[in-house]
Amino acid sequence: MNVRYFPGCTLKTKAKDLDAYARRSAEALGVTLDEPKDWQCCGGMFTSANDEVATKLSSVRLLKDAAASEQPLVTVCSACHNVVKQTNHAMQTDAAFADRVNRYLGDDAYHGEATVYHYLELLRDVVGYGAIKEKVVNPLKGKKIACYYGCLLLRPGSVMRMDDPENPSIMEDLVRALGAEPVIFANRNECCGGYMTMESPALAQKKSEAVIRNAKANGADLIITACPLCRYNLNKQSDDLPIVYFTELLAEALGVKEEPHE
Amino acid sequence: MQKVTASQLIDRAAALLSDGSVSAVLGWKQGEFDYDITPAVFADEQALRDAFVWNDFCGANFSKYLLKATKKVDGKVLVFLKPCDTYSFNQLLTEHRFDRDKVYAIGIPCEGMADIDKVKAQSGDGIVSIACGETIQVTTLYNDAPVSVELADVLEERCANCKSKKHVAYDELLGDEGDVLDSARFDEVAQLEAMTPDERFAFWQEHLSRCIRCNACRDVCPACTCEKCVFDNPASGVENKAPANEFEEKMFHIIRAFHVAGRCTDCGECSRVCPQNIPLHLLNRKFIKDMNDNYGEYQAGAEVGSRAPLVDFTLDDPEAADVLDRRG
Amino acid sequence: MQVNGEFKPLIVAFCCNWCSYAGADLAGNNRLNYPAEVKIIRVPCSCRVNPTFILRAFQRGADGVILCGCHPGDCHYTSGNYYTRRRMAMLFSMLDYLGIERERTRVEWVSAAEGAKFAATMNDFVAQVTALGENKRLEDLRCKK
Amino acid sequence: MQRIGVFVCWCGSNIAGTVDVKAVAEALSHEPGVVFSTDYQYMCSQAGQDMIKASVAEHHLTGIVVCSCSPRMHEATFRKTATAAGLNPYMVEIANIREQCSWVHKDMPIGTEKAIILGKAAVAKVHLNAPLTPGESPVTKRALVIGGGIAGIQTALDIADAGFKVDIVEKKPTIGGKMAQLDKTFPTLDCAACILTPKMVDVAQHENVRIFSYSEVSEVKGFVGNFDVTIKKHARFVKEDLCTGCGACVDKCPMKKVPNEFNLGMDNRPAIYIPFAQAVPKVATIDPAHCNMLKNGKCGLCARVCTAGAIDYTQQDEYVQEKYGAIVVATGFNPISMDKFDEFAYNQSKDVITSLEFERLTNAAGPTAGKLLRPSDGAHPHTLVFVQCVGSRCTACAEKGKEYCSKICCMYTAKHAMLVRDKYPDVDVYVFYIDVRTPGKNFDEFYRRAVEEYGVKYIKGTVGKVVPENGVLKVQASDLLNNKQLHIDADMVVLAAAIEPDRSARPLATMLTASMDTNDFFTEAHPKLRPVESPTAGVFLSGACQGPKDIPETVSQAGAAASKVIGLLAKDKLMGNPCVASSNEAMCNGCSSCANVCPYGAITYEDKEFRMPDRTVALRRVAKVNPAVCQGCGCCTVACPSGAMDLNGFKNDQILAEVDAICK
Amino acid sequence: MNNAQLRDEVIRISGVNPSKCMGCGKCSATCPAYDEMEFHPHQFVSMIKNGDLAPLLKSDSLFRCLSCFACVERCPRGVEPAKLIEAVRLQVIREKGANHLKPESVPAMVDEDLPGQLLVTAFRKYAK
């Protein structure tokens, strides 16, 4: 099957791994990722104020493209996913906002017709973890993997509608499908410190440390994440515990992990 | 032209009669004119071969006829149902109006039925005979050669705006199954809604003042199967056999539309049989549209046992004033 | 009807026994005035009101019909007024569709404690119908004296 | 043709001040059928009523119109007068010319004119009145109580003590309900078992009470006074009449690893079990999901050790049919699931528990024999954090919490905190609260004792996150009064989970046609005046099935429900309200529209034979209204397309006659 | 804008009704940036509800919210404090010259691995 695929800015620069492994794994799973032409950066965060229109236009353009192609729109970066899904939700539910956006974007009005999936949702709901399990060639036996969700992937739960925001299992179930053992730890959905790392490195350090400490205390060998910023913050505080993108783990299990070209 | 032929239907009916599966057949036969097709009950193969017809003028919806037929006939009644008829069929089952076990229903595809007035508009008056084939061949007193009319050009309004080619009930299907369609049947209601009240009043006065209270709309309506109609019942307080004034026509039609609201499948029989060509379906569709808009999509007869919007509620239904305001 | 050259509308108010009729009684107890044009018919529940009653009132010369019941959720019979709400919404929308002035019909929820609301509603409704003038569109001249 | 008398009341100057009563009497005297018309100062006085009675006799009246105050005031009075005069009471109509005329209009001509019109409408209606007689139905002198918790037990005892038969249906193997699981009870701290178990024994031994334990109601038919109920007795694979409750089988059962539901899964029980020592009936039950003998025919140990021969592996579910005059719902409550609140790490740590689990943990008969031990490792805890309002007062997400206050949590949390501090003064106890709600006798005093005498640390604020790490629970919370975020290393966190109605309540409500609110609590007939009755006649409510309640409230409501039941069962016959719907069979289509809208389930259908015009006989489905159940709202009359359904006392033609009279 | 107008504007653009707050303190209990803030989430809600906005507009707390939405997710009343905070912050940075983050100060804060996402987000939050 074909889906529209939005990598986002960071996956073209500092998080090329996240992108490369996502592409290779998709191919191995029989999913073709079509990257729309001329996409723009999503902006990194969704401004919740309903009078902010301009900052949401790039996401709506992307969504319109997906709606026109009648394919779901898939993102892999947690931040992109959050922005695009929240924008789509606003277009569906806030008629006044949608009206203003549509005035900017020309004749064919958009009201949230596109379906937005996180790559994880694509794996779970479209490909199916059962099918993935069958395609695993390198089962990651014996590995204890902590799945770090951070904040953007699941929240707000009423909009993301991906998993229980307090007790998620979408990544853990993936880890099980890949043959490894998930490590459940309470700080998996607590913030890493996010962009505060610039202004208040101490805060980011404290938050990231708490995540790593909690994962370690529960016996993790490895932390996986879907967010380049989370990975950046956690990496800074981690000495021995590797922090990798979930797509890398997937590619490894599917036997398509080559060293990415730098 | 229709996709199944009369002879296919006759053969199948004859087979079911001869093996005893059914003991009577509800079908169409010709009336006074070729285009004047009426329902009939056929008891044996010979009768079928003599008189059964199936062509572009077989608009009659048999569902209502089952009420009497199933009570009169011992054994099963075979009935041919066009897609729109199946909705009425289900609705009557929802209301427990006949015994499903006494019916053998054969679904037949329908390409739409011809409106004789539209045919006449093309062929001219004085129709002597009509033959339905690839096209409709109309022989008139005043033309030397038969006039050829395309069915697609003379469809009844309800068929031009057909809501469904899918059969929602049958024991057996002849021909191919169709789909529920995305019809434009509410467009005319929306146009009326967009008029000023004065324009609307004028529109309805113009139409309803033509009513001669012949009761054809009621008598043909598959939702009007009351054991005793309120309009015939002196105790009901609204009994009136004949129109006394403009108000009463209006009252008759409002009450009738309200009585069938939520139960009307929009089969369009009322408008088809109205000798005065009053667009009665626009009253029924108004209720359907309002109920869809305010209480969620509901198609009467789509499934047996569903609960019609007027015998249901939710805690946050809109207020009457909001329903009006919403439309502006 | 015209009284000394002044139009006095005829208003029929259907009131449910448990809330609105009691609300009307309370308006009386508190001596809250409203026009005598309003004539109340008591029904057990607003859901007892058949559209026929409303049409009949119009046919016989009423200029406005108002239906009062318990607030949604407060029905003495638990759910009667929810049915009323749907039925009347549909009926009034149909009357509007036929070109009858929508201001001649109204549903109002009045509790037994809302005597003041009852009086205010009636004052307002009478004023509204008075402004419309006589109900020519739906009245039956034959029945009017 | 009726012979109608019109009686216009002055009500002193209340009416006569604004309405020319003589003119009204005069005008109405010319209405068709009116043979007598008069006025009087006080029609409701003895003299006024005597005048009416005399007039009925003198003028052979068949109908009466009283132009007076609101029928809500004196309709009953004048109906009695009519009865005394030998008329049917329903031949009286009131024209309300006081509240709805003289009191709201100031001008005499206007008031008089309106009063005449209202009088004419009443006269028009009386013409169409027919004598009505309330229906009678017998009363089965037995009550059914559904649910055997404290609410059901108390209701059953009160009914039984009044001399009526009562059956209790309890779905668990024993009665006792939630209260049996509790340790101490607030605000007196007496032990729950000490006050409950004697009642359990009383009810079991009462000659008027039968207990169907391990049973459920599977079907309810009929109506007030005459319910037909089917009770499903689940097979317990033990003959109740033979089992002595000795417990030999329980000891010998090799399958000992079944999570013990009575202790909320905090320890295990065997496949054959007696829920707790004081269970009533004290009879063993085999859990078929875990019994090896029932699953694969291997074992049979319990049968071998049972000296009473009570074990029966072939037992089947049994259905019992019984008739009842009244039904009491006492289905109780449960704590909500904590799955959606995992910021408290309930699914991640055994040391995060609910308050009900805490009850078991401090109960001498519980999994730790009453010792406060940390569930994860059995260690003595040093810091306890209680969190209030978990899932209560939660409007953010319907799938998650409940909008209402669960009412009992403030008090039981104070109790828990106090008991911990009393037994283990070395343990630090924090209680995070939003508000402390203690409206009850001796309740606030109790809570203050926890703070002032026992040193419980009450903190206004709540817990945002619990992180289990290296054997401690890292609790992050807000302290609103000090404007601080707190970080507490706790050993245990106790969640005051919101309570919700038992799951069995919803299907039961459908069976009983009893209404529920959006939270699945049963709705009372009137929130103030009829709080223990369901709007469905003959169905009564006891305990938390109607809303969150503590034990004292539950017991008082249980008694109240019992007294309502006793009042009903004390009658030999029920007199109905004659103003009920009735269907004209000849016109009925059998379409079910009326039954769809009936809030009381008063309409049923039957196939009836009708002679057709062609002399054949046809079966037709027709509606039948049960006058004992119908409350007379009239909703069905409008739903009925054919007009077959009509309402006595407010018939279509009567209302139309009023409309016509007003619009003339 | 005066305080009342500002409050109404904040309520309008955030789509949040602060009156729904029952004062449980869940937002402040759950906030990861609590200790960085002069005014805490529950105070934000209360100050906006009361129209007491002046101290907020001047406070650095506006720029300490991580937009992690923990308060939004866990609030039992659906108040969504993060959206309120953002609406107030927008009132500040939309003023000319009031950008909290200036491009010239960025180079000093970044290192080689810093993802572009971070800069984009920070600018969107802190500057107009």
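Per-chain numbering from 1; labels A, B, C, D and E assigned in written order.
The working rule: contacts are C-beta pairs under 8 Å (C-beta built on N, C-alpha and C of every residue); 3 or more make two chains touch, one makes a residue touch a chain.
These numbers were taken from a predicted model, which means no experiment stands behind them.
J.: What chains do chain A and chain C have as common neighbours?
T.: Touches both chain A and chain C: D.
J.: What chains, if any, are shared contacts of chain C and chain E?
T.: Expected: D.
J.: Which chain has its C-alpha centroid farthest away from the centroid of chain C?
T.: A
J.: Could you pull out the chain whose C-alpha mean position is farthest off from that of chain E?
T.: Max centre-to-centre separation from chain E belongs to B.
J.: Is the C-beta contact count larger for C-D or for B-D?
T.: C-D
J.: If you average the Cα atoms of each chain, whose average lands nearest the overall Cα average?
T.: D
J.: Using mean CA coordinates as chain centres, what's the gap between chain A and chain B in Å?
T.: Their C-alpha centroids are separated by 55 Å.
J.: Indicate the whole-number Å distance between the mean C-alpha point of chain A and the mean C-alpha point of chain E.
T.: 24
J.: For chain B and chain C, what's the span in angstrom between their mean Cα positions?
T.: 37
J.: Where the CA atoms of chain A average out and where those of chain D average out, how many Å apart are those spots?
T.: Between these chains, centre-to-centre, one finds 49 Å.
J.: Give the residues of chain D that touch two or more other chains, as numbers and ranges in rising order.
T.: Expected reply: 343, 397, 465, 597, 639, 652, 656.
J.: Can you list the residues of chain A that touch 2 or more other chains?
T.: Only 157, 166, 190 qualify.
J.: Could you tell me which residues belong to chain B and also touch two or more other chains?
T.: In chain B, the residues touching two or more other chains are 237, 310-312, 315.
J.: Can you name every pair of chains that touch?
T.: The list of touching pairs comes to A-D, A-E, B-C, B-D, C-D, D-E.
J.: With touch defined as at the start, can you tell me which chain A residues reach chain D in the complex?
T.: Those in contact with chain D are residues 157-158, 164, 166-167, 184-187, 190, 210, 213-214, 217-218.
J.: Mind pulling up the chain B residues that touch chain C in the complex?
T.: 192-193, 197-205, 237-238, 244-245, 247-248, 250-251, 254-255, 257-258, 261, 283, 286-287, 290-291, 294-295, 309-315, 317-324, 327
J.: Provide the residue numbers of chain C that touch chain D in the complex, in ascending order.
T.: 10, 12, 17, 21-22, 24-29, 31-34, 36, 39-45, 47-53, 56-57, 60-62, 76-80, 83, 87, 119, 143, 145
J.: How about chain E: which of its residues touch chain D in the complex?
T.: Of all residues in chain E, those touching chain D are 20, 22-31, 34-35, 40, 42-43, 70, 74-78.
J.: Flag every residue of chain D that touches chain A in the complex, lowest number first.
T.: Its residues touching chain A are 339-343, 345, 347-348, 397, 465-470.
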